[in-house]
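Each of the next two complexes has chain A plus one more chain, namely chain B in the first and chain C in the second.
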Partner chain A sequence: MRRSEMLSRMLVIAGVLIVLLVPLAVRFYDGQGIVEIHGRMAETGGWSPSAIKAQVGVPLHLRLTSDDVMHGFAIGQSEMAAVDVPPGKMTELTLTFDKPGTYTYYCTRWCGLNHWRMRGTIEVTSDGLGAPQPVSPPLYVTLNLDIDAPHPAPVTPLERPSALRGAAFTALLPPSYLTTDYYRSYSPAQAFNDLRSDPALKSLNNAQLWDIVAFIWQSNTTPEGLAAGKQLFAQNCAACHGENGAGNGVFADKLAAAGEKSSEDMTGAKGMQMKKPVNFTDPANMLGASPALLLGKTIRGGMGTGMPMWGSIFTDEKTWNIIAYLYSFHFTEVTK
Partner chain B sequence: MRSELTRFPLVKALLKNRWPQLLVFIVMLAGFLFAILSGFIGTPVGSSNFGIVFVWIAWWAILILVAVPFFGRGWCAVCPIPLPGEWIQRGAILEPPSRKPRWLNLRWPNKLRNIWLQNLTFTLVALFSSVILTTPTVTAIVLAGMLFLAIGMSIVFERRTFCRYICPVGGFIGLYAQAAPLELRVKDKRVCATCKDKPCYNGSQVGYGCPWDVFPGGLTRNTYCGLCMECLRTCLYDNIVVNARPFAADLAKPSTRLDETFKAFIMLGAAMIYAGVLLGPWGALKLAAYSVGTTAWLGYAAAFLALIFGILPAFFTLAVKVGQRLSRASTPQHLFSKFATALVPLGLMFWVAFSLSFVLTNAAYILTALSDPFGWGWNLFGMAGIAWQPYLNALLVPLQTLVLVGGLLWTVRTAQKVGTEVRVSPIPVIVFCTLATLVMLGLLL
Partner chain C sequence: MSRKQWFLIIFAGLAGAVIAFAPLPVRVTPPAQRTLRVEANQFAYSPAVLAVNPGDTVTIELVSTDVVHGLYVDGYGVSVTADPGQTTRLTFTADRSGSFRFRCNVTCGALHTFMIGKIQVGSNILLWRALGLTILASLVAIILFPRPAKAQAA
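And now, the complex of A and B:
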């Protein structure tokens, strides 16, 4: 064989090997100690991997990428700011957990019909340094509420109650109605009935009593809490429930039309029903629901409707803020 | 009016020497394999994957905007697909072949010695193009499939049968190469006629017989000459030349072959459909083209096939018939195919106009894919973070208009020449081409 032929063969083989092996080698060495998470719309797989492990105090290096559309990444029950996960790009992130437990990571962008189910878990262990902290049962459990049962309001106001008008009757109102415990445990309709039967308020008409109910609900929140609740609602709830809470979000009709099929391919979601999202502006429904009941529905999800569970995502404070905001669809001034 | 480029010693030396071409081959092969690799293991996001970006944006831009219009089959001269197969077939990369064939060395069947199979492969690729063009894995499968098919065919058949009869790209490059201002020809056909061994076709100790199964002495058109330069190396009489020539010189000799005619219709129709599907505002159409296997896609495929094999040829036939009636001419043979020669410049300019649009729109991805070819977070050249933006946006519409109108004028001139030769009025054919151009203008602008 001539030298030129030998050289030409070597060049061809070298060219082939370089382009095939170098990227693979770099990829292998560059990926050491890093967990790469790929995001896809929930219908086509969600996060992959969807379960990872970490240790308390040991930095967890993540490399996030999307295989389809723009996703976002955040850790539930934490104050970590969400990061964007653009398609075809790598987003690097390092997390350090100071407590053991199971953390949920979730998508923060409306990426598809089942965006809300695009979640994964990080199991953080502590090498025997401490067990996960005990969790107290949520209020709806303590109150033994059946959150799946219908909760129609037996009575609704004829006109929109005003917290501002209700404030005028503060002097007549027994203090027990203004406690947080009372607010969270009773629905507005129950509160109205309690007020109606209270001798101290006998002189007031129904509209005035509803104004007092609005005042009680307003007194259990703050403008900052309502603003936070509004923002959380817009980010996490409005896609289905609608920006104005009427159950007509951009995904509402599509989810109902997609029915069960829309979640058939998702692990653990088979057989789930899909119903139109609840209309929060319907007083017959909302004024019969206590904050504790709404807390249960929010953190547990389900109800045979396709509602996701938010318990692993929102902190208690965030959940109460959202709930307070939901009542603003019925009470004037609460949104101020 | 031709200018022999090989009269310049440097040009001739570069073309005769195997090394420059081989080095380009190696770079191309490396890039080709890199594209396949990135398709299989890189990000599935097309706009960030080297395979998609470099094949369907960078390579396509170079091919359709530069290589084909100015160099004809220039791409075929450096295309890496035949390299591995030829190595196996010949048992060598540079050394002359052994006298005895190493493999089956079968001749390609006579009935298939046309470009109907290339018409078929291009149509198949075109039907699935929305998926191929956007899905890295599918692009990788198609590219790898072409490479392995070329290797397999090199083992079974003689020469480059894949390039000549199967390659979906080679078919249309050959068609449009007729318009290119570059040609490989012989100086004196009498020399070829008296040449005994014809090493340009049969090969010799200094080179291989024409891989494209073409006898250079009979070359009158660019269509099937792959510009591989083997004949330049093997000719004993220094009778092979590479010429610069006027654009579209080959079109003065209208084709009479129906396979080439239909290639022109396929390309014309495909450019119009691509303009509608890939650049148009119709979401339902895009979805149908992408949803392979669904009823919507079947409808799209049926419409696609109806346009390129039915509607366009039918209206063109009508135009030719009307021209015939206007001229009260007898029926010259191959009138349909001869007039279809006018579709060569028209189709080429349709593709140039269409490609300008999506190449300038997507060119930014080339820079990011170069820095991060797999979407793994690399930043090799510091350009991975460049945000997408269309380039030369203000020039796009004027450029496309110029290309389409210029293409129409070129087509009109070609149709007039054909009309003069066959003594049939070209006016109805010109009307057909004008209407097609108006449709294309409407789709693009």
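And now, the complex of A and C:
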């Protein structure tokens, strides 16, 4: 064989090899360390994968896409802004965790009745120090509240209490009623009864006492907190509980219908089934609930009733803001 | 072409101009504020046909009952999206009359592209004019070009 022919043959072979090897190498190196997550409606599988692992301090690269409708992605218990995950697009996201633990990621755009079931976990580990921090039990546990028991309000106001009118009686009010602990541990109806039996407030009539209750509730929140609670309610609660809290959201009828169809539990009881969402505008129900009780219901969820468990999603601050907003269906706020 | 045919063509041209451009005695309704609630689910709007008068200020309240949907009005180029539980409002002035499609502009599943509705602003005069012109043109064609004699067998 001539030398020039040899050279040209080798050139051709080298060219073929490059064409084959370069895409392979790119594919191999490009996919390193990137987790691709597909979102589907919970009925058809939710997130896949739904459990991923990460290291403290090591950036986690995510590539998110949806296989059906618009979804969203956020990490629970964090201030991370939610990103939208539309179908047909790749949403790239890089997360870095500075504490070990199990993080929940969840869908942030309503994608059907079972939207809230669309969750997954990120197991974040660290080498050596930095064990998971112990968490203190939530208030409803320390108060030993039964959060599934009915909580009718023994007394309800005849007219809508006003915090503004209540503020006029601050001079008479013992300061112990204005503490955060008091507000969180007692329902408005209990607070009313406490005030009624308080000798310092003997001269006031019932409507005035309800105004003071409204003032106590008002003084434990801020306009910013209420606004944040209102927004969280609209995004996370209104689809079932209704935009005005009346329990008539767009999914309310579907939940009730699903409840009739859902089967009995293992003991044959019908108690644990999908239910119509609670009406927050009903004073007989809401004014008998303390913030601690509502906190328990919110963070633990409804255990089969269709109410999601929000404990792994909302920070305590967010939950308290939502709860403060729920009471604003009954009390007129102080307007400045 | 015979004189008669020329006469017909001129007559048809005049009639066509009348059909296309003659001002119709349209009832003019004073513009009003209109709020229309539209529920969106996979894969339809309810109601799917909206009717308003020209000049109305239209507010469409979009309520989604399952997943995130949108509403885009063709011809007006305005759009809005709604999550379940978060009703959104789209306000625009219906200053162009005719019939316009509105469609979902957030991918909402397999049949997303078929999620279409219609907003009718006034009566659809353009449609009637087009219909009239078509009938006129076909009449003229039938008269002008009579059926050719049967082709001779080869």
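The criterion applied here is as follows: the second predicted complex is superposed on the first by the 288 of 336 C-alpha atoms of A that agree within 3 Å, B and C clash if a C-alpha of one lies under 4 Å from a C-alpha of the other, contacts with A are read in each partner's own complex, and residues count from 1 in each chain.
We take it that a contact is a pair of C-beta atoms (placed from the backbone, for glycine too) under 8 Å apart; a residue touches a chain by one contact, two chains touch by 3 or more.
The model shown is predicted, which means the values in this text are computed figures rather than measured ones.
When the two complexes are overlaid on their common chain A, residue A:141 makes contact with neither chain B nor chain C.
Legend: residue contacts after superposition of the two complexes on their common chain; A:239 is shown touching chain C, with no touch to chain B.
Once the two complexes are laid over each other on the shared chain, residue contacts for A:112 go to chain C alone; chain B is not touched.
Applying the stated contact rule after C-alpha superposition, one finds that A:207 touches neither chain B nor chain C. Looking at the shared chain after the overlay, A:167 reaches neither chain B nor chain C. Residue contacts after overlaying the shared chain place A:87 against chain B and chain C alike. By the touch criterion defined above, A:70 lies against chain C but remains apart from chain B after alignment on the C-alpha atoms of chain A. Once chain A of one complex is fitted onto chain A of the other, the partner contacts of A:5 are limited to chain B, with no touch recorded for chain C.
Legend: residue contacts after superposition of the two complexes on their common chain; A:16 is shown touching chain B, with no touch to chain C.
Touched by chain B in one complex and by chain C in the other are residues 68, 87-88 of chain A. Touching chain C in their complex are the following residues of chain A: 41, 68-70, 86-88, 109-113, 234-235, 237-240, 242-243, 249-251. Contact residues on chain B toward chain A in their complex (touch as defined above): 22-23, 26-27, 29-31, 33-34, 37-38, 41, 43-45, 47-49, 83, 87, 92-95, 372-378, 384.
Of all the residues in chain C, the ones that touch chain A in their complex are 63-68, 83-87, 106-110. On the chain A side of its complex with chain B, the touching residues are 1-2, 4-5, 8-9, 11-12, 15-16, 18-20, 23-24, 26-27, 30, 63, 65-68, 87-90, 92.
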